[in-house]
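Okay, so chain A shows up in both of these, paired with chain B first and chain C after.
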Partner chain A sequence: MYIISIIVTACTNIISVIGLALLTGYTGMFSLGHAGFMCIGAYTAVLLNKYLMVPYVLALILGGCGATLVSLIIGYPTLRNKLRGDYFAICMLGFGTIVRLILNNMNNPVTNGALGLTNIPKLTTLWSTLLFTAALVFFMWNFVHSQYGKNCVAIQQQEVAAEMMGVRIVRTKLLSFAISAFYCGVAGGQLAFWLQYISPATFSDTRSNDFLATLVTGGTNSITGPFLAAAILTSMLEYLRSLVNWRLVVYGLLYILIMRFRPEGIMGYKEFSLKKTIKFFKELPQNWPGYMEKFKEKLTGRRKRS
Partner chain B sequence: MSTILQQLINSVSVGGLYALLAVGYALIYSVFDFTNFAFGGIMMVSAFAGYFSTQLGLGTIPAMFVAMVAGVALSVAVELLAYRPMRKRNAKRLFLMISAMGVNIFLTNLFLCVFGANLRTLPSGFASNTITLWGVQVGTVDIVAFVTSAISLAILCFFLYKTRSGIAVRASAIDMSTAGLMGINVNRISLIVFVISGITAAIAGMFFGMKYTVYPGMGAMSNKAFIASVIGGLGSLPGAVLGGFVLGILEVLVAGYISATYRDLFSFGAMIIVLMFMPNGLIGKGDQNKL
Partner chain C sequence: MSNSKEALNVSNLTIRFGGLCAVDNVSVHIDEGEFVGLIGPNGAGKTTFFNSITGNLVPTEGTITYKGKSLVKKGPDQISHMGISRTFQNIRIFPKMTVLENVCLPLHSQPTYNIFAAFLGLPSTKREDKRIKEEATSFLERLGIAEYQEYQAGTLAYGLQRRLEIARALAAHPTLLLLDEPAAGMNNDECNELVELLRSIHRDYHLTVMLIEHHIDVVLNLCDRIYVLNLGKLLTEGTPSEIQSNPEVIRAYLGERRKKA
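And then the complex of A and B:
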């Protein structure tokens, strides 16, 4: 049961981090408020299920749609007119707080204010989670390798040049924002039906931070990088429970160090592939001296320059 | 009538502090073209430095100097250790932003883990005093905060428009590489800018600590300053001041007459409305509008 719980949590994290990967990694927009979308998705899904008897899968998808709708409402003013990413970043920073603020102060029997929703039926199972994660990762993989995904990367690399080549900047940005919100909404619903209890505090800023840290560590331009990072970091945190408060300190340092030394993250622009990894380890004994040589060159080269 | 006057005086003092912080943002934004999200963390650390020096028995004014030293040291350290190496490699703005946010998260949570989330009152010689002005009771701290921020803004204005270094800063804001070609030492300019932003962070942090309390999460207040500089026009100095006062007045009025819980909602809402109808802020002229 314990292991299953870790796997389900890891899967919800993977879904949201991959949603964020499209926005931050591929399109190049910075967000620290995606827990707000999780919150909206979770509340929508649970309330639909509770009061309108919407079945589980449909409730999750509708939760995602609710998050998408909200994302379009915030996205339009902040992303139009080719405004700088800074407006968007600060808006998202406030967004997570505001969603919690509003839910905390809605003291009606439906949303139940700061106390949150209790007695949610446990509808999320291991298999449904795995299936959902696989499907969503598959869709995202296809999306980023399609023309739309390439448009996103073009915007991230050179916005002006992308526009010259005929990429519609605002539309593409809004699209990737909406998709990432949808992913977070679905993940939120899934988490709610697993925890059986949600309150606005479940979706704190810490969660958004976790997502961004995972993404930055995993690599901003790959799907498998964040996927692996989410899986590893989530399970690692379970074993390091005692250090849980210090993790944000470490995340902060991690952002700085990774951006300083390897801004593209651990995986960078590459995707993880089992074949290549096996090949790498098989050929490691022969290639080892070569790697050492390269490493030495790198070190001495740096010294010469400075 | 007297309550309105009271609210207005209160809002002007908050607005002055927002203006000061917004100027700190605007300076760095206009020179380096990125938002220094670490600003809130630096403000928090300098407020803590001020708090600890009052605990050691220093008066309010020496404590203010300690806070300034801490703010300046930290601001310059962040620039030298985190931003400058990245700028040298022509890193993307996104990466600089993530790094800045990392500094903020690191500082906030480090202080949270080490000192706990307690609210600490910053003792000051005049925090609880009030004086009567036109028949209205006004906190001395409000007056001092307003006067200090006004004086600091005036000094900054003088520095930027009348001294050689100030003119160099403005030249780098318009075009950094050309300024470098004209013989301006761009690295020195970056230090000057970060020193100024550290000082503004320290002053604002001290006064926020006196008006409210000192706690690790107080850096979030600087997000309001960012909103203020967006309302006024990002990157424009007069815009930042104007935006600071507009936001301060709006917040106090909302807290006084509608609800204090929804204050943040209104500030972010104001930013979104300004972005919808005036994407360049109230007095910003366009993307090229600098200082």
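And then the complex of A and C:
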């Protein structure tokens, strides 16, 4: 049961982080408020299930659609006015907080204010989670390798040239934003039906920051990178539970190490491939001195003059 | 020349940045198939002029029409789809994408399949991607950089990046190509090579070309007509030989001869 719980949590994080990867990694827009979309997805799915008897799968999808709708409402004015970079990130930070505060202060029997929703049926199972995760990762993989995905990357790399080559900037950004919101909405619903209890505090800013940190750890222009990072970091959080509060220190240390030694993330701009990994380990003995050399260079910040 | 069809018509274009008048009441007209040069000292407003044609800047006053349609207040993406393509003075390729992906981009800037097909990765999307790659390869071959197609664009040598930019601009299927200093930083041999290349491209793709360039040999070699800008104002316009002998142009470029006391 414990292991299953870890797997479900990890899968939820994988879905959200991969959604965020499209927006932040591929399209180049940082968001600090994607927990807000998770929150909307979770509340929508649970309330639909509770009051309208919408079946589980449909509730999750509709939760995702709810998040998408909200993303379009907030995305259209911000993106059309060319809000980018830090400004967009701060706008999203505000959005995440607003969603949480509104739900906190809505004291009605339906959303139940700060107390949150209780007695949610446990509809999320291990298999449904795995299936959803696999499907969503598969869809995202196809999307980022399609023409749409390439247009997103072009915007991230060189917006002026992309626009001059005919890419519709606002539309493409909005699309990527909406899709990432959908992914987070579905993840939120999944989490809600697993935890059986949600409150606005479940979707705090810390969660948004965690997504971003996981994404950067995994490598921004990659699907397998964030996938691995989300899986590893979530499960590590559980293994380190014995350290109590110190585990967050371990986290911070890990992020610092990654920023220092591998700023492009675990996978960077590449995708994970089994063949290359096997090759890497086979050639490790003869390449080892070279890696140590590079490591020393990074450690001292000096390059040997040859 | 007067009986051929007019392509670009810019009349009384003025662009002000606050108090600075970057382009002042400039009128330019280009006929279809012409190769026109735009020269002038640094800061004359040449690139600003290009930016207003491609929609990156909104003109303060004046009109710009291409084949009879106004370009003012249209977005760069719309203008690109009207058949105007450009290269940039400071290279603006997509550095982390491969050379091939760079050239593919204008071919699918408006995706050729719908979004659900993209999510499902249907075989039709794979076919479409393959077709676009083949088409892009033909442009790379034309520019002589097909062997680098799997390289990351940012790692290419400077001259090759310039070529890549031209390939990418051509892939947008333009009828009017705006070249912003394609020969910047090139030596004489490379310039001559570029002249031949541009001449053949102009001929083979039936393009109308407008060229900004500081290498005066390149401009004189290639252009049918030349416009000269100085401090935002149109100084003069004429054939290469007229421009070469125009005293005002010489004054703008070299300064006035000091009068003997």
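What we mean here is this: the second predicted complex is superposed on the first by the 259 of 306 C-alpha atoms of A that agree within 3 Å, B and C clash if a C-alpha of one lies under 4 Å from a C-alpha of the other, contacts with A are read in each partner's own complex, and residues count from 1 in each chain.
In the analysis below, a residue touches a chain if its C-beta (ideal position, glycine included) is under 8 Å from a C-beta of that chain, and two chains touch if they have at least 3 such contacts.
Please read these numbers as outputs of a predicted model, since none were measured by experiment.
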In the superposition, chain B vs chain C on chain A residues touched: B
Partner chain(s) touched by A:I7 [first = chain B, second = chain C, both, neither]: neither
First, second, both or neither for A:I98, with chain B first and chain C second: first
Partner chain(s) touched by A:L175 [first = chain B, second = chain C, both, neither]: second
Contacts of A:Y148 with chain B and chain C, given as first, second, both or neither: second
Touched partner set for A:P77, first chain B, second chain C, both or neither: first
Which superposed partner A:V216 touches (first chain B, second chain C, both, neither): first
Chain C residues touching chain A - in the complex, by the definition given at the top: 54, 56, 75-77, 80-81, 85-86, 88, 92-97, 101, 104-106, 108-113, 115, 118-121, 125, 128-129, 132, 168, 172
Interfacial residue positions of chain B with respect to chain A in the complex: 29, 34-35, 37, 81-82, 85-86, 91-99, 101-110, 112-113, 223, 226-227, 230, 234, 261-262, 264-265, 267-268, 271-272, 275-276, 279
Interface residues, chain A side, partner chain C - complex: 138-139, 141-143, 145-151, 153-154, 157-158, 160-169, 175, 221, 269
Chain A - residues contacting chain B, complex: 24, 28-30, 32, 74, 77-78, 81, 83-87, 89-91, 93-95, 97-98, 101-102, 105, 156, 209, 212, 216, 245-246, 248-249, 251-256, 259-260, 263
